[in-house]
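In the two complexes that follow, chain A is the common piece, with chain B as its partner first and chain C second.
Up next is the complex of A and B:
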């Protein structure tokens, strides 16, 4: 590829400035001692202090993280098994049908997923709260994990499995000693993507939450409706930093997986 | 042979659906400790036989025996057979040591024994000192050796090799032919080697099974198959041949290319239509008046060890000649050959009939 020209560079910079400006604007005013976002008076950390003093908010952050970790973990397990099923299904028609069903879930709007889950939970009689949020988060994360794991599975040569069987491996050995290590980068990618999808999900959670159970995105939404306080800015700033941190961790793990350094196991 | 065969196929067929049959009623036996080659063009079913022995697929009908026991339903991980795959199938997430140790780890063998056996296997294939290398750091030839070490470390009864040399360059391939043959003799194991390369088959095997279209066309030692091909397919596939139509006048007298020739074949019907094979290296260039055949030189290629001449007789039959002597393109030359150089092939003869006929008139000094 040719080197980008100056016009291209300026355009790129402009795009990134426009994309990131609102976030930095928000974070900037989180340090404002004046309680509004109209003019900056002086630097203060009181809004951050308010976040940490608000035990209800801390509880909600805790809920959000628990739901994210649990749903990412469970959907990774289900997603990997689903990916395996899709790849090793002999029936081609069933295989492509499953794959299409998986992809439809990814492109279908969150509002529809949320609304349909709400209808399902009320019909079946599931109490809205932690369980309903967790279940729906797992539901929208599984297709993402499947999509991340599938390319690695398809890339893997069948002769690797033949070779493992030939060397005495049982079905379980093949899975744990050959397939899982081989698709590990895909599993990590799927887990982290599911984690971030769950952390920032608003639409689905908004429908299925209840009984005092809330996650951050839903809470911020209701806080914003009640009237802007700079506590929201401080909280958003913190979330932004955590997200950036997660992205860095993900890239670090990914690049380490690309050049495996496995020593002789003792 | 009183010894029990290590592998026995009894009327084995393999079909993937009603129409396409990959193997048709194949029966053969293999003896312990020999180097066998399954040779044939792609799609002839040779790899299917290998996969049946390894256990990756099950026969549609018939019986496969290992040491006299039926193994049709035995899964691959319970067979004392190990395979060297065409693409090597080394595990990219494990280093050389762990790749070779894979089978031993599955069997939960003690670490000290694993270390000793892996090092011994790597020494066998001249890879000592490479234990901690990653697979991605190894060259094609080295990966090949790792794959062989990974198979032999488990001490299997049979080692299956699925076209393992096809991805190597010519020089390395020739080297590996010597090494594989030597390895087989040092280990004393049964090797079953699949290839479409007749040179590999001739160089390494104790016995060759020539296959075509899901059937074994001919089996025998490399010399038998080269000197006495059963039909046009084998003669054409193994080495280069001159094949012309002819008529068997009576025992030891055959007519082709417009003349009658003395030959060593017998046991055929008088005036039976046959095909005659003469190998290019059995034809000697001489003067036209002394030659049994008179031909015109059409083209001449220098092949290094010999010249390859394409010549035509007056009936238009092509005669390929390998000779260290040079000729002039366009010249008329004579071709001389011994009666033993003429090999007569009956049309549609079965392998049993062919063997019986050969035994009936074979002269001891002809067997080399």
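Up next is the complex of A and C:
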């Protein structure tokens, strides 16, 4: 294709500026000694200090991370099993039904997931709090893991499994030493996406969390409703650094994971 | 035969998940929509939904979702198209995606400051002589922030679709004498329609159900279906009415999925990873 013209470059640059401006705007004012987001007074780190002194906020960050890690881990296990189950299904109709059901939660708006889970937890009698939030996060992360694992499973040639069998591998060996290593990039992508889904979620958590338990998104919401506090800005500065770090780690790992797979194929 | 039993073993947790968290919640929403606030069986909620109040709300919600999707598409398509032409397109794409990883709430919060009475936009308006205007709590700010949030999600599937396009087709169209515009309209656009459809799907449905942005940015001036559900469930505690609105939102969702559905697996699923 042709190289981008100048007009196109300007357009792209504008889009980039608009996408990043709000984030840098937040971070810029996190260093403002005057407690507002309008006039910059002088440089200070007091808002960052405030974040680290606020034990409640630290607890909430801790909760958020724990929920994200646990939900990503558990949903990855269920999702991988689900992917295997779908691949082994011989009945085509059943398979496509399962896939459609799988995608329901991906396209469902958060409000619907939140409201229906709230009804579910109340009906079953799960107390709203850590457990209900964790269960919901697992529930809405499972389908994305399935979608990440499935292409890898489908692309895997049956002869690999047959060969392992012929060479005397047990069912467990085939799973742990042939299938899992082969689909590892998919598992990894699924885990990572589940992690970000959980960290990013606001609406579902907002519905199913009780009074005593809060995650970062819900906390930011209630802080933002109360008005501007530069603690949020400082927090966003920290989150931005962590996010960019995570993305870099993810891509580094991903590109390292990808090479051996294509290596085998060649 | 140990093989068959292990296969069944894979199926158990996954089907349990489907029954518990996909089928049961929808069934419960439908069930609850048939009860009023006192727990009596009734169709009153459905009758209420077809009253002018809720019909108006549905229409305005669709109108806002339409505008948000339209503007996102108008910005995302050229962006995706130009991105495919850049040298390090995967890197540029990554850079476009990074803002979408930042917590949604933080980005929305940023706009409270940006659009605020003393924010940079108003400072600029004052400087060029327009004078400060009320930006927050208007339709404009609501649509702007929503479009901002959805652009990366719209760009991804379209980018993937354009990237998959065989460049030889474009060359062929040019060689056969088509103008750039004809090439775009008759070759590029039809072949990337799947990406556009996925983009519309991932924008329109969430746009119908936004409630956080309406509360923070539109200050309750804009009420979407999502806001109404949240209101009924968490404020009024009228779960029956909330469920009824949810039932219709689910129906709309299926209709939209039918319209934007596709045979080939589209870009929506490979979402953020690429």
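In this text, the second predicted complex is superposed on the first by the 259 of 266 C-alpha atoms of A that agree within 3 Å, B and C clash if a C-alpha of one lies under 4 Å from a C-alpha of the other, contacts with A are read in each partner's own complex, and residues count from 1 in each chain.
As a convention for this text, contacts are C-beta pairs under 8 Å (C-beta built on N, C-alpha and C of every residue); 3 or more make two chains touch, one makes a residue touch a chain.
Only a predicted model underlies this, so the values are computations on that prediction, with no experimental measurement involved.
Once chain A of one complex is fitted onto chain A of the other, the partner contacts of A:247 are limited to chain C, with no touch recorded for chain B.
Of the two partner chains placed by the overlay, only chain B lies in contact with A:160; chain C stays clear of it.
In the superposition on chain A, no contact is made by A:73 with either chain B or chain C. Touched residues of chain A, counted separately for chain B and chain C, are more numerous for C. Of all residues in chain A, only 157, 159-160, 162-170, 173, 177-178, 181-182, 184, 260-266 touch chain B in the complex they form. On the chain B side of its complex with chain A, the touching residues are 54-56, 75-78, 81-83, 85-87, 89-95, 97-98, 102-103, 105-107, 111, 131-132, 134, 150, 154.
Interface residues of chain A, counted against chain C in their complex, comprise 1-4, 8-9, 11-12, 15-16, 18-23, 25-26, 29, 36-39, 77-78, 81-82, 84-86, 88, 98, 101-102, 104-113, 115-120, 123, 139-140, 142, 144, 146-148, 171, 189, 192-193, 196, 199-200, 202-203, 206-207, 216-217, 220-221, 224-225, 228, 232, 235-236, 239-240, 243-244, 246-247, 251. Across the interface of their complex, chain A is touched by residues 2-3, 6-7, 9-11, 13-15, 17-18, 20-26, 28-29, 32, 75, 78-79, 82-86, 92, 94-96, 98-99, 101-114, 116, 118-120, 123, 148, 151-152, 167, 170, 201, 205-206, 208-209, 211-212, 215-216, 225-226, 229-230, 233-234, 239, 242-243, 246, 249-250, 253, 257, 268-269, 271-273 of chain C.
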